[in-house]
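Working notes, structure below.
Residue numbering begins at 1 within each chain, and the chains themselves are lettered A, B, C and D in the order written.
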Amino acid sequence: MKKVGIIGATGYTGIELMRLLYFHPRARITRVTSTSQQGEDISRVHPQFKKIYNLTLEELDIEKLAEETDIIFSALPHGLALEKVPELIKMGKKVIDLSSDFRLKNPEDYPIWYGFEHPGPDYLEKSVYGLPEVYRDKLQDAYLVANPGCYPTSIILGLMPLIQENLIDCTSIICDSKSGVSGAGRGAKLPFHFPECTENFKAYRVGNHQHTPEIEQELRNISKDPALTLLFTPHLVPMIRGILSTIYAAVNKGVVKEDVEEAYQKAYQNETFIRLMDETELPETKYVYGTNFCDIGFRLEERTGRIIVVTAIDNLVKGAAGQAVQNMNILLGWPEETGLLQPVVYP
Amino acid sequence: MKKVGIIGATGYTGIELMRLLYFHPRARITRVTSTSQQGEDISRVHPQFKKIYNLTLEELDIEKLAEETDIIFSALPHGLALEKVPELIKMGKKVIDLSSDFRLKNPEDYPIWYGFEHPGPDYLEKSVYGLPEVYRDKLQDAYLVANPGCYPTSIILGLMPLIQENLIDCTSIICDSKSGVSGAGRGAKLPFHFPECTENFKAYRVGNHQHTPEIEQELRNISKDPALTLLFTPHLVPMIRGILSTIYAAVNKGVVKEDVEEAYQKAYQNETFIRLMDETELPETKYVYGTNFCDIGFRLEERTGRIIVVTAIDNLVKGAAGQAVQNMNILLGWPEETGLLQPVVYP
Amino acid sequence: MKKVGIIGATGYTGIELMRLLYFHPRARITRVTSTSQQGEDISRVHPQFKKIYNLTLEELDIEKLAEETDIIFSALPHGLALEKVPELIKMGKKVIDLSSDFRLKNPEDYPIWYGFEHPGPDYLEKSVYGLPEVYRDKLQDAYLVANPGCYPTSIILGLMPLIQENLIDCTSIICDSKSGVSGAGRGAKLPFHFPECTENFKAYRVGNHQHTPEIEQELRNISKDPALTLLFTPHLVPMIRGILSTIYAAVNKGVVKEDVEEAYQKAYQNETFIRLMDETELPETKYVYGTNFCDIGFRLEERTGRIIVVTAIDNLVKGAAGQAVQNMNILLGWPEETGLLQPVVYP
Amino acid sequence: MKKVGIIGATGYTGIELMRLLYFHPRARITRVTSTSQQGEDISRVHPQFKKIYNLTLEELDIEKLAEETDIIFSALPHGLALEKVPELIKMGKKVIDLSSDFRLKNPEDYPIWYGFEHPGPDYLEKSVYGLPEVYRDKLQDAYLVANPGCYPTSIILGLMPLIQENLIDCTSIICDSKSGVSGAGRGAKLPFHFPECTENFKAYRVGNHQHTPEIEQELRNISKDPALTLLFTPHLVPMIRGILSTIYAAVNKGVVKEDVEEAYQKAYQNETFIRLMDETELPETKYVYGTNFCDIGFRLEERTGRIIVVTAIDNLVKGAAGQAVQNMNILLGWPEETGLLQPVVYP
């Protein structure tokens, strides 16, 4: 039984890690830290954990944490993992970081998209982007996993097979994504105040969302085509969980439905957490609620020569904590689905 | 055309006043004040008002406001109207105050239920409790209207006829009320954060909600029975607007359904804004959404000797801004329904 | 005061007409028909209308209706207006039809997209497509108005100025639209059953929604370019009302932000019901809830050479009943906004 | 590994059984039946089960089912289990029936509350009411378990300790319960149509809900007081899952808070699935979402001499499928919590 530590355990990503690891047969949470609520029992801060977890939130003490755990998840907000995570790496610990602090390979992207100079560009090289369907091999030897963003996961998984098989025009990609409100975190702010947020639908950060360079970086890695660009528009859906991405691209000449089906089959037939919809079905966020699945469907539209790919994930699971556990399984040499296969709480 | 001023125009009560007064044929908003956003156009703070209102939020200047308006609504939070409103009264203005600062007649209730000593007990005597169905006569000559709370409105209107006709045991009253989230105001706080609030239902402030003395005060005024007590439990419903109160009381011996029907008919047959459900119907909050109606239904249960009264209002209309406009109409000698009759936005 | 009749008054479009016409100073509903609930009081079927409307649902008797009303709205489901509406036209009545039965000019589109042969192709020529911002002049003399679909309204209004001023590539248009559930009507079906529908987001009818030919027809009319094609994907949002359309197109070479602003200004500066967002704002469905406004914002993205236009309407108002009343005002020579300017019920 | 059959597997109770049993280490679903969709793969009817269950819905063949399974859950609608379940019992199978067909001990209650004569009153005697916290001993030898209703579970568990310790007046009990919409099942009907149901709150079946005799039967069993009566009012909350019951009773003279705390401790200190809130907390439905917990809190109100008990369960888990699995564990001699302890999917 491996001992797991979670830094920043009270936010939505932290408690989702706690939920998922409860089912894990080979790992056990032994340390949880919180800046704002140290000293409190987790079941006082989160009463849903009564009779489930008996843990006290501790101050973050890097050395103690390194000594007393085997693997560490960092669920700190963006910008706060920058200094803490490298210290753990230096002590030889494996860390899965759920922030964006180690995702972008080009340090120059940080000032542009996140507003700060990255203090440790070395770590950007060392980190492995934690999308198992793409980087499984590298992840096996990784020490620092940069766990992907929720939108990027939903988009990269939808496009990878099409780019790999050269089926689409890489300058034509448009991603129209829709996310539930938990993606904005647990901080109470006016746009997420219930009366403002329910019975409302809107686009936000149109053309300048910070996930844009992350998605482009990974799609260019796959395509080897620096001309690849992405138009990405996120939207806010009045629901708690779920991301549905509707992805548009022009298909290359002569591409037929069977080519697309083959590409997806080839890429994903052995992937536990990818579910391909057949031609009568389309993904819905409810089908993946609370699970680590990414559902993918598509339609090829001959009238306009375009493909429409629809993907659905749970932003807190495959888009965050579930993928992190999947990465932990890889890092520790366990079967990837260990503790992660669960039916949806439906309806 | 009378000129109207609104103090504290950007909260939910303030903007609801603005919405309702837009339809008023004899009154026009000319001044709106805001502490936090003075200098801003109202349609910048509340884009829904584009092409509807062309008003700038001003700093609160009591003298200027008194000079340039005929009647004033104060939509300041509880505790902040205490000093501002008396100044306006002294200048001879009529004020309708939507806070609880002038509702309780006994100054000793303020430290107990609101946590402050009331600085102007005189004004508690002068104010008229703005429930037209009870105090219509007094309101005609009022200068200071203490506009009722949302829960009290839904409960007092449900019980008044039964108490007046001596049909129930006044020591047996239990009010189980359920409110939409807008009742908590526009301040973003964790319990009203969308992901926490949606798909959740809870009771809160059980046994110690600050509306309890207000309801008891008014029901005792009606019953002349100081032994009358009220058990009041509020709940939070994952919806924006609406209060449904389920009210229980033991009926006095021999009371039959027809007695109850007569009591309601007698009290409300000429009331524009009370709608009595027939015996096949029950109120639903959706039927009063956005309107000044209070819908009332009941069942007499012979098995247990109790009556169950169900009332529904929109907490922001009959429970706040709509009732305030109704009071304005009375104060200014206009027909009570002027500008207030509107169909529900349904569904 | 003109007398108005509504055929099919109990569905969501019918009751929305009733809501809006309540505020109309020059028109009064005198006849309402219903197939399923004839003989019932409207306030029995729709209790929200108690004390608002005192009308009885009648069997549809074309002759009687023609005699006793001045203008008629048909809110029958698609396919059912085909025979009834022409009879009224023959009797010289003006009819505003809210179904899709007279929207498509090419009769051959009906079997393809709606599954039936159109029985009266003559009427397709005679009908005027009821989008005032495009066809105001023709509408003034119209007898038969084909009131636009909800999605088409949200898309055509967003694109018209860009096409008119030749700013975009007409073969590159992608419309990703999201609608509240009331767009599906009042019929209870599993996909709209609350537990299935809430906390869920999905695309539907990808690539084959019946509004596609309607939108293409109108955009081609504007562009005069038969090569114009449209990729249209509708989605279902767990909210009652509202459509947000996110529209993508490649901009023509050299087009800058100011060109786009000018195009919108030129087209819409005198339009009462179009509200242009400035560059710090974006439309949200809540800002138009219950109103006849269409809010429009855009971002020009130089990185990818594309424009993203975002539009928001209330599907039941500007997308149906409100636009129908706007058309009635034009048909009867009244100011277009008569009875239609209303603030949003917010939040 | 025991083999489990589910009759009526596609409704909300059936799929919740499938979800819960997926986690069970000692039981495996081998047969699922459906009247309406026999022959279909379960993952075709419920796509959320892709990669989770590989089962085909079968016609109900009692003999085959009895042969090929060790224990059977019947999730048929009320009235349909009456004939099927006895056949299975006769073949010596243990059956847990989730309908109300075997819950009431007095056959005369069926025509009054359910509208049919009960065809097998013998089975009413043989069945054990499946509330483990009350009938654990009897359940160990049971063949036919009548799994309790959702409202009754939430109410009986809240009141049992108070009645057992004689702390309340049994003629004064009022239960004001609020349920999510999944309690109404999967059948699409107008009151549960999303646009009608969301942003709405209502009471229904006031004074005549069919769970009333079930609750009274069980509370009288505990109190031995035939005078015990119950006033029960159910309400519909616009959320998917969860029941919150607010229960009122007059406390007997001299009862203090410590008496109540002791009563709950005594009754529930060893109960895995009961969580007692402390005096700073109150239950919320979200804390039990998807779990088999029943959370209980209370306030003693000296002003009115009454206790207010608040309980929360998930209507589909402790209120249906979870309790059924708990009963299975008892019937088969396994630890009661086997496969049932799970953290909430939160938020």
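What we mean here is this: contacts are C-beta pairs under 8 Å (C-beta built on N, C-alpha and C of every residue); 3 or more make two chains touch, one makes a residue touch a chain.
All values reported here derive from a predicted model rather than from experimental measurement.
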| item | value |
| --- | --- |
| Superposition of chain B upon chain C: rotation angle, C-alpha, nearest 5 degrees | 180 |
| Centroid comparison with chain A (C-alpha atoms), farthest chain | B |
| Of B-D and C-D, pair with higher C-beta contact tally | B-D |
| Where chain B and chain C are represented by their mean Cα positions, the distance between them in whole Å | 37 |
| Averaged-CA centre spacing for the pair chain D and chain B, given as whole angstrom | 39 |
| Centre distance in Å when chain C and chain D are each reduced to the mean of their C-alpha atoms | 46 |
| Two or more partner chains touched - positions in chain A | 12, 180, 182, 186, 195-196, 198-199, 238-241, 284, 286, 289, 347 |
| For the chain A and chain C complex, residues of the former touching the latter | 171, 174, 176, 178, 180, 195-196, 198-204, 206-207, 229-231, 233, 235, 237-242, 244, 246, 248, 282-286, 289, 299, 301, 303-304, 306, 308, 310, 312, 347 |
| Partner chain C, residues of chain B touching it in the complex | 12, 15, 18-19, 22-23, 46-53, 182, 186, 199, 240-241, 272, 275, 277, 281, 284, 286-290, 293, 295, 341-347 |
| Residues of chain D that touch chain C when the two form their complex | 12, 180-182, 186-190, 192-195, 197-199, 238-240 |
